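In order of appearance the chains are A, B, C and D, and numbering begins at 1 in each one.
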């Protein structure tokens, strides 16, 4: 049975999505349990798969029994093994957290919501696990489409911002498709490892460079790197909470994973970093992304918009860290992919919990929450500390690697940008914590019913437990960062790096 | 010099952390206070149990979890760390007694939260004392600054909010902005951050690299309140007095100075600093801080702000002690941590007692208070003697060692600075005491309608005063510990 | 000069693809009406599909269906038939573009319901006024 | 640009992977139409997610637009069947729903076009037959699941356009179209999972030979046929589902 883990990870959520849609019409109470069961199965198989990868190296799963260049092969190594576990974990936590609020928001469309939720997770898992470039495009589209639908569900500006996200996302995906097309013309194959074998032997390198640029530009749009980030703040801040706290932590991280996969497996690092001469340019792009993102985040007065801009900053960290080109930078970038997903989930869940009680997320509505919702705010503080980079939490360790990578590569502007953005993060988060800690609980948002004070209490239990579990995970990932790095990230990043640099 | 692997240091740190859930869940105040007391006593007991081992020259170590190659979450109890831990844990017992009286006296709100964060702050302080490398110390340093933030802003009024913002800005700004990059740079240069007796820059260090690193550390640890980074300390006086007593006389500021001391002796190492002649530079920085803060203290009317500026001055004595790089200079510096702690905490307790009993905060209104509150003012007098460094109190011994240290290091200007600043200390303490007791009937502002502070406040007050006197006659535990530590650092 | 022209003639399909893509991109960016933007997006995606299909052709090769006479008794040589792979890929890409078109139209219809206009600047105007009235 | 010229056989694209497909497809899957062979078997995983994309689009339109609240429109039109007279019922007026000689028509007042309805009634069965032919003959002639499914969906949309939306929703209600969409994709993924249960990798139809006792090559071609049916069903159902939601903006009462 264990040989079938790669297929199980993808197929079980897909089948569950179909059942959930049917169950949505017949008996709506069935939807949540099936979705949860499917995600738990895929989480366990992801963990089992990671065990197999650790035991006997990379796992190649021939889909439909055909050998790689002809059929599609799923290729699992240390890097995507750990990210698979991350995605399924985030999906499970978010599913449990938003059980009641999803049921109340999507009353008779609950079946469709859970089906889209599962399809989004299947898309991401598929992207991470596949070893075929075109297959990656198809899965990219599935996750983006279900993302557009989930984000478009919110009221007011959500429709228009989701439409903008759709336009930019489609342009990005089409650029990526064109990039693979160029690769296909020159190499004739679609399988990543196969292409990597053919590329060095090619004499005319121009189309390969063009394809690399196209793929990169497409991915930069999808991951919202600074100049191309305009869709992200609107899309995430107007989205309904269950959708936002699922999509925000995962989409940009998986797109960065694709960039890492392309460079490490397909184009090989020495081609990407040395022959292309764009490493310098991208590092400066990342620096601008970090600084501009922090400043824009400071200007916001709504909690979720501020958090969205912080995601843009985190993307700047990861891209800048990865493009430093040295081992420390890359380890930092990959570790930051893991940490940032959990951090963003923790902070968005906390925002969701607050909004489930307060209905608005503008700062003036967050007064006196420490008194009323102590546990939620404690989890929010832990998430905030992790984003700032305070030691016991995991944010500090990835920042440590990024800074040491920056110093090794002699790119001091990047290090300075990291420090400045950490300081701005301190200001950002403590501004929010101050408001909710100092100002008395003004219940102007419950003016109509008089006994609001007593009624207003902590977030519901099934929202609170995942939140506290995530906060605990943040600290655990911090303390055991060393194990994460030596066991999972280094074996993934270093061989291909050592081979070429 | 064998290293014993024992989990005592870990238990010592965790004791106060584990008590927090019990404190948070206990309903009745006395149960809560009883638990705080119990935790304080257990913590002090564990730390005291380590004294014989350390006196015999061993160090207790414990590696918990690896962070990066070459650094892991390691605790090490050596003489210097033990000295600081002893002082802070003993004073926690005294302060928790005092804060019961103070909190009840002014019936402050949300006291459970106060006691929980107080316990967390203490565990972080002991954590800093026992950390074996710079990263572990940095972690506890951050936990300390975060757990003291709610304490400083206890009153939750706008003024507390702005001082809390200033407090965070200086401390988090310093630690993230300056210490983090410096720490990473040191790690990249040497591959390790463990405090080695002779410093870890075995291959020496170019001047151009050493200077920025050293300055980043000295100013980065803004809790040491070296001059440009000191502004948060007077602002933090808005906190309730027990907080400013323990934290700003003993725990928080001493942590800053302790870190600077560790960096100077553990990371750079005396001979490297000697070779690059940074000793004099540090002495100058410390001297400026001492003189300027003592002058400002003179002009302060609010008693607690005056005490705050005097603390800034006294801290720089310790930095001066380290910077002298001479044997008795360092011993004096280390001793001063203990002596100043007891002296200054007595003064803060007196200030708190006066506020509880009479509600007066400014010195100008304290004329003739001696008749109303004789015991408090007597303790105030002893405390100020110890801080000034006059014979009957412990302060004298540490300042004596500092003086000899300046002579050994041929820094005669520093000797002059030492003496002048002691005079300045006297100048801003003794008038308070004089006017409190020896004023004529006419000037006295009190018609004996006030009586002494409540028993809970008075007892710890007198206890610390008596101890600071006893320290003059039996400085043994702290003296031997500091001499042992210095011999290891210089002996190398 | 002639080689540039011959170069253009020999590989005209790539130029056509680039040309179409630019039209699509222009429409998406410049047009104000939502539906026109969606049409632009569709042109953009079709251009990429055209690019793939143009790779598959071979001179004087027939469509990739093996004739009746070839059921196995003598070898099929590849030059006779067109390359089937891009066609397969493009089947998927067409389906994807249709799906995206469907979702985009759904969003446009929803926007029309909420603001009963398809002009983007009017929608943004209305959103601004609602936001200010909320403040 | 040093790309291969248009249509030259030596281009890398046609040298590396595709010759295998051309030569081996017949032996492996006994399906002359290479595109269907590659589509459903060699790269069956791609096509599975392709159908999933269609399914996602259907879900997206449903979740974005569908509104279940019944707010009645301002006025409704009723036409007397034999005379062609149209009644306009204002808000709240009594509607002649019980009598059978009146029939409700869309509010955008469609002219009474008997010819159109009769013609469509005549043509639609043959069209659907052609659609099934296209699905079934994906092996030999160009066509397959997607094309056949779209044609089938188009016939139903033709009915909806010629008559009115309600007549089509009476024939195929929204719940049925949604369930059919799920079952279509389920058939596809189900066969894949079946091969998984039989011991081979996912989507490896040669394992079906254990069930239907036929050579592995024929098992593959039957597997492909099964897949085509699943895809055709799913695509047709989703087309209708999207049409229902898009046209009536989620109210499902009056359409084009």
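Descriptive notes on the structure:
We take it that contacts are C-beta pairs under 8 Å (C-beta built on N, C-alpha and C of every residue); 3 or more make two chains touch, one makes a residue touch a chain.
In this text, all values refer to a predicted model and were calculated from it rather than measured experimentally.
Put simply, the chain farthest from chain C by mean CA position is B. Of the two chain pairs examined here, A-D and A-B, the one linked by more C-beta pairs in contact is A-D. Taking the mean of each chain's C-alpha atoms, the chain closest to the overall C-alpha centroid is A. Chain centres here are Cα means. That of chain B falls 70 Å from that of chain C.
For the pair chain B and chain D, the distance between C-alpha centroids works out to 77 Å.
Averaged C-alpha coordinates give centres for chain A and chain D that are 34 Å from one another.
Measuring from the averaged C-alpha position of chain A to that of chain B gives a distance of 44 Å. Multi-chain contact residues of chain D, defined as those touching 2 or more other chains: 1, 3, 11, 13-14, 17-18, 21, 43, 46, 50, 53, 56-57, 60, 64.
Multi-chain contact residues of chain A, defined as those touching 2 or more other chains: 134, 138, 141, 145, 148-149, 152, 159, 184-185, 190. Multi-chain contact residues, meaning those touching two or more other chains, occur in chain C at positions 55, 85-86, 89, 92, 96, 99-100, 103, 106-107, 110. Checking each pair of chains for touch leaves A-B, A-C, A-D, C-D. Those residues of chain A that touch chain D in the shared complex are 4, 7, 11, 14-15, 17-19, 21-22, 25, 61-66, 69-72, 106, 108-109, 112-113, 115-116, 119, 122, 126, 132, 134-135, 138-139, 141-142, 145-146, 148-149, 152-153, 159, 184-190, 198, 204, 206-207.
If you check the complex, the residues on chain A that touch chain C are 134, 137-138, 141, 145, 148-149, 152, 156-157, 159-160, 162-163, 166-167, 170-171, 174, 177-178, 181, 184-185, 190.
Residues of chain B touching chain A in their complex: 65-68, 72-73, 135, 138-139, 142-143, 146, 150, 153, 156, 158, 160-161, 164-165, 168, 172-173, 176-177, 180-181, 184-185, 187-188.
Listing the residues of chain C that touch chain A in their complex gives 21, 25, 28, 34, 37, 41, 44-45, 48, 51-52, 55, 85-86, 89, 92-93, 96, 99-100, 103-104, 106-108, 110-111, 114, 120, 123-124, 127, 130. Taken together, the chain D residues at the contact with chain A in this complex read 1-4, 11-18, 20-21, 41-46, 48-50, 52-53, 55-57, 59-60, 62-64, 66, 68, 175, 178-179, 181-183, 185-186, 189-190, 192-193, 196, 200-206.
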